[in-house]
Amino acid sequence: MNDATSLFLLRVMLTTRAIEERLIRLYHQGRIFGGVYTGFGQEASGAAVAAIAAPNDLFAPCIRNLSLHIGRGASPRDLFRQWLGRADGPTGGRDGNVHFGNLDHGVYAMISHLGAMISVVSGGVMARRYQGMDSVGFAFIGDGATSTGDFHEAVNFAAVREVPLMVVVENNHYAYSTPNASQFRCRNLVDKAAGYGIEGIALDGNDAIGLTEALAPVVADLREKPRTVLVEVDTMRMRGHGEHDDFSYVPRELLAAYAARDPLTVCREILLARGLIDPPGLEALEAEVQQAVDEAQQAAFRDPPPSPSTLLKGVYAGE
Amino acid sequence: MNDATSLFLLRVMLTTRAIEERLIRLYHQGRIFGGVYTGFGQEASGAAVAAIAAPNDLFAPCIRNLSLHIGRGASPRDLFRQWLGRADGPTGGRDGNVHFGNLDHGVYAMISHLGAMISVVSGGVMARRYQGMDSVGFAFIGDGATSTGDFHEAVNFAAVREVPLMVVVENNHYAYSTPNASQFRCRNLVDKAAGYGIEGIALDGNDAIGLTEALAPVVADLREKPRTVLVEVDTMRMRGHGEHDDFSYVPRELLAAYAARDPLTVCREILLARGLIDPPGLEALEAEVQQAVDEAQQAAFRDPPPSPSTLLKGVYAGE
Amino acid sequence: MPVNEITYLEGIRQGLQHTMQEDPDVILFGQDVGSFGGAFKVTTGFLEAFGAARVFNTPICESAMLGAAIGMASQGLKPVLEVQFADFATTAIHQLLNNAGTMHYRTGVAVPMTVRAPCGGGFGGGPFHSEELEAFFCHMPGIKVVYPAFPSDARSLLVAAIHDPNPVVFLENKYLYRHIKELVPEAIAPIRIGSARVCRSGQDAVVLTYGAMVHEAIQAAEHLAADMGYRVMVVDMRTLKPYDTDTVIATVAATNRVLIVHEGWHTCGFGAELAALVAEQAFHLLDAPVRRLTAPDCPVPFAPDLEKAYRPNAARIEEALVELLEY
Amino acid sequence: MPVNEITYLEGIRQGLQHTMQEDPDVILFGQDVGSFGGAFKVTTGFLEAFGAARVFNTPICESAMLGAAIGMASQGLKPVLEVQFADFATTAIHQLLNNAGTMHYRTGVAVPMTVRAPCGGGFGGGPFHSEELEAFFCHMPGIKVVYPAFPSDARSLLVAAIHDPNPVVFLENKYLYRHIKELVPEAIAPIRIGSARVCRSGQDAVVLTYGAMVHEAIQAAEHLAADMGYRVMVVDMRTLKPYDTDTVIATVAATNRVLIVHEGWHTCGFGAELAALVAEQAFHLLDAPVRRLTAPDCPVPFAPDLEKAYRPNAARIEEALVELLEY
């Protein structure tokens, strides 16, 4: 892995964290309409995938994958516009919060129905390959969502068609309030891979550099020998399901254990240890990111909301 | 396994075969309304499950499991009434062909939507256990139907709740015209068990006696230590998907190989070898079964169809 | 008779609690309904009160949840299943339509199950947490559909739904959960599924509606009375399948002008059914064409201004009523 | 202009074949559509003609099939997906309603996909192979719904559906597949989605219908003309969303009496939508209440006598028309 990639990971994660911290504050200040859902503590996997992927690749992020959006080029201002329902945001205010994407960046806008997007990104990759493009798909999914029929149908279909697709299961141990033990009975979610006849890979989900190093060769190989793989990353949701949720059902020791392995801390330490950044450099980077987020937020607050007269625009294409 | 059980298996399978042979003939004579779907060549698993099960057990058969119905006490006359849409048949003519059951025998009437019944029988068992009954569930499913989201959701849910449920996957190598290779990428369907954290057992699906011997202890253990298990049985659909289908897409050598291991032949030979029946006894049994089927068919043809005036009866319960 | 003020949400809670206390056959399950009390906290304390055999969390699998409920109901239990948002029931329509809805007709086995489905918008939920799907459910043979607008009705109708021997979809309007309060007696009054509620009398026109729009319609009618002296009747359909055709016809006879309001989509919505019924059976009673005021055929938008334009409200009901009254 | 007699099924086949020949972006997939040619043999020879990259079988997974079609369409392909029976689409309503139907509205990305869904009864298919689900599909924002009744329309409308930049549900009536023939020219005439077909002129009443019931209605109208001299117009709606409101209003203006017929369920069916439209916009044109003749709210029964009682037919349409004409 080259140095630029390491710094890319750090910058993406810092930006993600700064945006989400801001969203959380705005929510508790009552300045956000609707709920706030973050990937606090889960920034590593999205950043790593963004680091590995190629321009023509396609992505189906879930609600905890802001870092993937950032890594694929979503601007902080677009992010705030989305959360504020602004006219020029990624969904023009038609959708809110995490339900956005940008196909120019290869990123599908998720629907809420868990599992439903895996087949979509898989179909997108099928299309691009039919069109002669080299394209690999990346689908993110939670531990809870592996229980959906959609997860199963999509992974099986992709496996059978040998779609180059990496399905990244982010096991953060809870689905809303429901712990793994009430969600599945296999020991690890990667145990499901064999049932689809695909390779399964289990990794530490809080180490972006480790993830990038481990997955880059896998993805390179997928491009040569198209097939579907299942990756389980171990991580932790460090906040509630949304900011309305005090997550008192999560044992505090569990949180503490993962706090000690916060993806930003882990990445910062590796970069410092490898001499890729020094403390003043880090401070400067963090300040720069904070400033960009400040400016983006302020700009987005000034951006106009959609006009009610546009309500019916675009229900159908070509009209 | 005691002698009565062996003879039970033979009688159930002979009856099943005789009924289905008759249905096939009636179809080609144009005397059946709608299609005809049989389990020709797959009689062993349903018979074995019927042999093992206890009175309070519950069952979700699929379209190829007539032997399960017969084993649980469905009468040939009821069968013909069902296929002929008669008023006094199991569904009173509201439904046709394989879509019937009898909860007095513990047998759910399937809907066509593949995979949908696994959760139903699982819920039935949950209810019976809540009511203090000892009850185990048996769900049958085809190789093709393992691709449905419903299969996945139901098996996972049952596994997590530790519902004593045996899911019997009958791998007959085709789903309509689609061979295994276009349906799943795992080597064996039993490979899926690990992904649900449950035990998987692969067996010869054409040997009713072997199945009974192998599964009886498993089921006994399920009663003690409730949990879900996955059983894959290897078998072959010896006719078309339905009688309208000439199944020319199935290699004839494959059919020949399974014909040599026809469940009835296998069972007959074991019983003869074990001295549990002799050739004249067998002949007598076959004649008896044929006569019962003849009479049942004739009676059913005389049975009245439902009156059109009953069309709306029972859309709602309690009205 | 002691009287308490309760919210709509509390009405649902009390109905469920009462039924579970009286009848051990009632079982509750769904995503996060256990110690967490469900996404909307309707079942807080139920796990503790009724135990893990009667109250449990499920994995995320709407189809298997519905299937399990069908299985339980077929064995004589009365399962109550919470789907976290009605929107997610669209992943398992076949279990309702084809399995639950046909079992009694096909086999004579009753399926006394209740599906609690929080629905409706008005709080920035966006396209996937705001849907009104009653038209789908009402189109399904063998299914009953209940949709209360008041705390008292929510309480009574949930009891009725649970004891009904059929599969019932019990729609809960999320906007009303904490917005609507009502004084209710201790004892739960029985309400028959199939009976509408005349919420406001009047003889100049009638608004046929349900869910959150009932309260918007009442407000519109009050404005109109104050501003222009019109007396507008408001009918809360309250149960949508079966629905109360007698009350519909009687109120049309009494008013001769009909406005139908709902926050679900227009084309093939429940409003179409009501309008068709009026057109077929009360044609001779009409002094003006029947009129529908509904959400447009458009995903539920997130941005507040867009959702305001999307969702009918008191002001737009009033406007439509004026046009109708001046026809 | 050379003219051939083709079946309804052949019309579909030709429309699909033509489009695939002209446009390499059209991809066909579904259960058994490959060398087997699909459950109804609509695509026999397509795999051989267009190759395995454009024609392929899928596992049994309606949701993933629909999702994949959405993904392909979002990348500019024009996937045509066959669900084996429309009934099975109920396992994946969310992919249509929430994913396909909202993508353009939410993100500006068009989803030009076509879902071919064989539907309807009349052949002993029973409750799970005979359903008419157009009301569900028509209730979905962002989705178009097409339902031809004639070979020529099937051919033209399938071409239109595939080229439409939106998700289109293309309903194929199974009973008509081999029962209906028509003389058609070699060249495929373009038909606009949203235009009805006046199949039979008349001025005493109009039957608004679609699918297999078009042919029953024509037969009923012919009987009535022969027996009683009535001239009954028959309109094949042909496309249900959008539907041709202009033609509906014009034919009501011309006849003043309306019968709506379909073989789908009654409550919240597409007939309710048509009746509501007529009641709202053509009230002053009516000499008699609008009337619906539909299947009852009941699973589709298997037994021939039951299904005959369930499904509207020429005789019952005639009866209803006589009542309407004599009102």
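Things to note:
Should a chain be cited, it is by its letter among A, B, C and D, assigned in written order, with residues numbered from 1 in that chain.
Note that in this section a contact is a pair of C-beta atoms (placed from the backbone, for glycine too) under 8 Å apart; a residue touches a chain by one contact, two chains touch by 3 or more.
Keep in mind that this is a model prediction, so the values were computed, not measured.
Using mean Cα coordinates as chain centres, the one most removed from chain C is B. Mean C-alpha position of chain C lies 31 Å from that of chain D. Distance between chain A and chain B, defined via averaged C-alpha coordinates, is recorded as 45 Å. Chain A and chain D have centres, each the mean of its CA atoms, that are 41 Å apart. If you average the Cα atoms of chain A and of chain C, the two centres end up 36 Å apart.
Residues of chain A in contact with two or more other chains: 91, 94-95, 99, 111-113, 147-150, 153, 156-157, 160, 182-184, 315. The residues of chain C that reach two or more other chains are 58-59, 61, 63, 87-88, 90-91, 94, 98, 102, 105-106, 127-128, 141-142, 296-299, listed in rising order. A complete topology is adopted by the chain contact network, contact being made between every pair of chains.
Against chain D, the residues of chain B that register as touching in their complex are 33-34, 85-86, 91, 93-97, 99, 111-114, 116, 144-145, 147-150, 175-178, 182-184, 249, 305-312, 315.
Contacts from chain D toward chain A in the complex involve residues 27, 53, 56, 58-59, 61-77, 79, 91, 94-95, 98-99, 102-112, 141-142, 144, 164-166. Interface of chain B with chain A (complex): residues 147-153, 156-157, 159-160, 182-187, 191-198.
Residues 63, 87-88, 90-94, 97-98, 101-102, 105-106, 127-128, 135-136, 138-142, 241, 265, 267-273, 275-276, 278-281, 283-284, 286, 288-292, 296-299 of chain D are the ones that touch chain C when the two sit in their complex. The part of chain A that touches chain D in the complex is made up of residues 58, 90-92, 94-95, 99-101, 103, 108-109, 111-113, 116-128, 130-131, 149-150, 153-154, 156-157, 160-161, 314-318.
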